[in-house]
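What follows is a pair of complexes built around chain A, which joins chain B in one and chain C in the other.
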Partner chain A sequence: MKWSVVVSLAMLFVIAPLLPGIAAKTRARLTGRRGAPVLQPYRDLARLWRKGAVYSRDTSRVFRFAPIVLVATAAFAASLVPLDGQRAMLSFSGDFVAFAYLLALGRFLLVLAALDTGSSFEGMGASREVTVAAFAEPALFLAFVALVLATGNLSLGGALGGPLSQAWPGAVPALAMVTVSLFLVLLAEGSRVPVDDPATHLELTMIHEVMVLDHSGPDFAMILYGHALKLALFGSLLVGTLIPRAALTAPLAIAVLALGLVVVAVAVGIVESVMARLRLNRVPQFLTAASALAALGVILLLVG
Partner chain B sequence: MPRVVELLLLLVILTSFIVLGTTRLSACIRAVAVQGLLLGLLPLALYPGGSLHIWGLAGGTVLLKGVILPRFLRWAIREAAVRREVEPRVGFALSLLVGVVAVAAAFAISRILPLPERERAMLVPVALATVIIGLFVLTTRSKAVLQVVGYLILENGVYLFGLTHVERVPFLVEVGVLLDVFVAVFIMGIVVFHINREFDSLDSTRLTELTD
Partner chain C sequence: MILFFAGITSILLGGLGMLVWRRRPGLAAWTFAVLVGAGCALAVVPAIQVLAGGAAPEMRVPAGVPGGDWVFGVDLLSAFFLLLVLLVGGASALYGLEYLAPEARRRPVAATHLLTAFEIAALALVVTARSAMPFLMAWEVMAVLAYFLVAFDSEQADVRRAGLIYLIGTHTGTLVLIALFAFWGQFAGALSFDALAAAAPQLPAGGAMIFTLALVGFGFKAGLVPLHFWLPGAHGVAPSHVSALMSGVVIKMGIYGLLRTVSLVGPPPAWWGWLILCLGLASGVLGVLWALTQHDLKRLLAYHSVENIGIILLGLGIGALGARYDASMLAVLGFAGAALHALNHALFKSLLFLGAGAVQRATGTRLIDQLGGLERRMPLTWAAFLVGSVAIVGLPPLNGFVSEWIVYQGLLQSATVPPMRAAVFAVAGLALIGALALACFAKVGGAVFLGRPRTAATERGREVGGGLLAPMGALAAACVVIGVVPVLVVTPALRVGASIAGIGTDSASEAAAAVGPALQWISFMAFGLVAMVGAGWWLRRVLLRRRPQVWTETWGCAYARPNPRMQYTAASFAAPLVVAYGTVAGVQVTREPGHFHTHATDVVLDRVVFPLWATVRTWALTVRPMQQGRLWLYLLYLLGALLVLLLYLAFRAGGPGS
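Then we have the complex of A and B:
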């Protein structure tokens, strides 16, 4: 295994909490506020980590497992993405499916934990989260199908590595649509505006936040970290699709990825400050549009 | 300029999708206006030489489909003071899916069709898809204004199909078609206005209540 793979993975793990911080800062600046420091998520994580966890007497072991599984699955999924632009730590034929369902597994455990508390609010949040996930999944898979068609390579490491840079010149419209679709999926999966609002603290309007109300201390820190890691993962998929970095040297490729992630976070912040949250019954429509874009990309690749 | 043509055709499809997926009446009209502008640019990109015929066609299309008709439709909704929402009979998400299926079907069908010219491969499928989407909008939206929009999209599809044979179609025929569309939309606009005055709504389903 090359050192660059390990370094890039470590870089992703370190940089992940920065992304929500940058997005929040961008949003604050654009709406005329000063905003919390960019490094605030790290401080939050440290503070939560020092605290003790409180467990309700009604919860079972599932509730305690969920945060660990969330971080573990996200970290495992990260090892499937070619972060240094050339190869992933793990790569096998069809690891797209593993990537999608590892993240789904983390979410599934989180939903179970939410239901485990027996709180009606958390149950509602869980149901909403699953609804959003169900609509985001086809878009993600159609984007993956498009990447496979464009590169003829069945693994994430293979497709996002070398072949994609050769595929871009011949299929600009299709891949551009796939990129946009991936960005919309990122907004949904990362629980950002227009699908969910990370800044809201009203139970009736929250989706992801309401699901994790009962977690505290280190458990909550893990959930926050796992969620940030997920956002970073989708961000690196997006950067990997838009800027194939196979031709760059490893340090440069990692630097480009880090820069790209920062740009993605800023873009998320801009979207959050210019858009209002969608009404809940409009969310499926938003994600169907993402699927439609990806499907159009697939059709174009099949024809072209 | 095959690249530019491809891009323009793609944008045409995307504007049709916007009409399928958007909830606002004015956004639909804006999308159709953009589609009209794109259609006007297409002949210039397809035939870069640019005879007077092509320029006339492009100019006429931009003027009529990109400027006059949308402005007229906007006037119609303002005068009739309709509600701004689309209120479709088939949901937006489902409409978008139908749109994707239409595009896929159009590409599949045009592979089977014995088309003489291969170099304009995308023109025919996009034309077919636009016709299908136009027909879909025409049949599933109950607002009379949106039915006019559907008719315009349908006509845009026909126009796209016609672009494969621009050199062989006399200019006069095209001008005639454009004029027909203009008159048709004009009459529809006036009908829309009168439906609204008669029923206080633009819901075309109410027309079934008409009696002598």
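Then we have the complex of A and C:
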């Protein structure tokens, strides 16, 4: 295994909590506030990590396992993405499916944990979470199909590694559509405006936040970290699709990824400051649009 | 073959023991357990031998009835389905012993066990019969016995109704199958499968008629949309171990029949492959969507069988198209994916039904919104149910992931074969199915096992006994083993796939070489995931050892007296998804102040089958005055019919003899 694979993975693990910080800062600046420091998420994590825990009497082991599974599945999913632009730590034919289903396993446990508390708020959040996921999943898989069609390669490591740079010149419209679709999926999976709003104060209007109301201390730290890692993962899929880095040297490729992730975070912040979140019953339409875009990309690749 | 028939005999004897020792239930149960268990173990030996690469045994019996010799044999395809029949059948039958014991005074329990044993034997004969006559007979025995098993609680009106609809459905299917073999037999000298296969090249239009009849006849049994309408009712009301047997095994006979037809006739026409693919998508998406709307735990599981039949059909469709377009890799992957998902679904669906049975035994209800909080009361049942849930959603590291991955593999690889490239769109469908299944099992697990009990009866629920837990444990273990070491079953499944496609084992080894590295990674991923979660658990314990841990109420926005009725209900949980799909979901939503209610209907049964039946009934009523029950009238009818025939003969092209 090349050192660059390990280093890039470590970089992703370190940089992940930065992204929500950057997004929040961008949003604050664009709306005329100073905002919390960019490194605030790290401080939050450190403080939570040092705390004790408060548990609801109604909760069971599922509630305590869920944060661990969330982080473990996200970390494993990260090992499937070619972060240094060349290869992934784990790569096999059809690992797209493993990527999506590992994240789904984390979500499944988190949703069960929410229902475990017996709280109506958390039940509501869990219900919304699975609804959003059910509409986001087809878009994600159609984007994967487009990558397979464009590169003829059935693994994430293979498709995003080398062949995509050759595919871009011949399929600019299709791959551009896929990139946009991936960005929309990122907004949904990362619980961002216009699907969800991480800064809302009202339980009734939350999706992801309300689902984890009862977690505290190290458990909550793991959830925050796992969620940030998930955002970083979708970000690196996006950067990997838009900027194939196979031709670059490994250090440069890693640096480009880091920079790309920062840009993605800024973009998320910009989206959050220029648009309101959608009404909940509009979210399916928004994500269906993402699916439609990716499907158009697939059609273009099929006929082209 | 000797071992196979010895095993079947032992299963039958085990069933008869129930009748012989009717007055000594303890002894009867003991005999039943030993003989049925030993029978399943014996009969599975030839299946494992064949799957491991041994020669396929065959036996011919001169029957003395039309249709030629009766042939029985275990080839790769039979062996794979035999494995499924005996594993799940054995587990369900043994579970039934303790499950039905509390009702022994009120109901004919011994007869039910007897029928269960005979049902397993009939299923084993269906998959080993190599000739149309014994096949159809075993098929009919299987179907009729299943009716008696479903109608166990026959004093309840909804059970009788579900049983009747099942009987009508299954007999319509059988009728089509008889037509299938009668039509096919015209082109062949005998009705043995060899003779039928030899006659395949003479079939008109590449066997279009055969494939159509097979799709309808076997489709009824498999329960694909729109022929599924009998399934949720029957599987929902049957005793739980019977539901497990029916959802796990009996509906798979439809899949077996379709695969057998393909292996006998050869590559199906392209339209058939596309049709199967579309039906698979429809069954998958609609099945899981309808499952989401259900309030009855077992009906919900039954709709998930429709969904999983859809996933199996996706594999079957890819296999059929691959065989048609000479893409041997796709043919192998598609058929293998279908067979493997059939096995996996048999394991986790029967596990879930047995779990639902345990819940029903412990609490007396199957209504999801009356349950809750069973995790504390039934930890082992919950563990088994959770394994089944993760497996059915298709998540790693369990067996559902393995077979769905192979189906995905087939769908994605269809991009490499130009005429079938459009099949890649099914990937999005399968992704949607997976995400909806996740929502549905989050709803079930959360509402039934987590949170707080919603009724007093649920509060009193206690863990069930070892006789119920052991079969669940065995099935759960099988799910875990296949998920963690997939190579154990994938290699035989690929050989089965190659045999269905009628191509040599070379392409099976080729496919095995192609998926081999991936299987190793999947194993690695499974172990790694378990190790990481274990390490995380340990780390969390170390961290929290010296720190304050406070136990308190669930956060309710500072409301300190939450009660179980404040929990989110399963109906509300599913509502956003169900409402987003509108009329397709077939659900009636009632919203009043302080009250939210959803009522699930079956779109096909309630909007198509029943109106159709009402129309037929109206027509039938208009001709009913013909039947007066008077002898002279019938004599008149006879005379009239004879007269018409004579006139026909007299005027046909100038009279008789010409």
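The working rule: the second predicted complex is superposed on the first by the 304 of 304 C-alpha atoms of A that agree within 3 Å, B and C clash if a C-alpha of one lies under 4 Å from a C-alpha of the other, contacts with A are read in each partner's own complex, and residues count from 1 in each chain.
Everything below uses one rule, namely that a contact is a pair of C-beta atoms (placed from the backbone, for glycine too) under 8 Å apart; a residue touches a chain by one contact, two chains touch by 3 or more.
A quick note: this is a predicted structure, and the numbers were derived from the prediction, not measured.
Shared-chain residue A:A295: touches chain B and chain C both. A count of residues in chain A touched by chain B and by chain C gives the higher number to C. Residue contacts after overlaying the shared chain place A:A77 against neither chain B nor chain C. Look at A:P173: by the touch rule set out above, it reaches chain B but stays clear of chain C. By the touch criterion defined above, A:M11 reaches neither chain B nor chain C. Using the contact criterion defined above for the overlaid structures, shared-chain residue A:P284 touches chain B and also reaches chain C. When both complexes are overlaid on chain A, the residue A:L112 reaches chain C alone and has no touch with chain B.
Shared interface residues of chain A (contacting chain B in one complex, chain C in the other): 284, 291, 295, 302. Across the complex, chain B is touched by residues 173, 282, 284-285, 288-289, 291-292, 295-296, 299-300, 302-303 of chain A. Touching chain C in their complex are the following residues of chain A: 49, 51-62, 64-65, 68-69, 71-73, 75-76, 90-98, 100-102, 104-105, 107-108, 111-112, 114-124, 126-128, 130-131, 133-138, 140-142, 144-145, 148-149, 152, 154, 203, 213-214, 217-219, 222, 280-281, 284, 291, 295, 298, 302.
The residues of chain B lying in touch with chain A in their complex are 6-7, 10, 13, 17, 21, 23, 91-93, 96-97, 99-100, 103-104, 107, 111, 121-122, 125. Residues 372-373, 375-376, 386, 390, 393-396, 401, 404-405, 408-409, 412-413, 415-416, 421-422, 424-425, 427-432, 434-436, 438-439, 441-442, 445-447, 450-452, 514-515, 517-518, 521-522, 524-525, 528-529, 532-533, 536-537, 540, 543-544, 547-557, 562, 564, 566-568, 572-577, 579-580 of chain C are the ones that touch chain A when the two sit in their complex.
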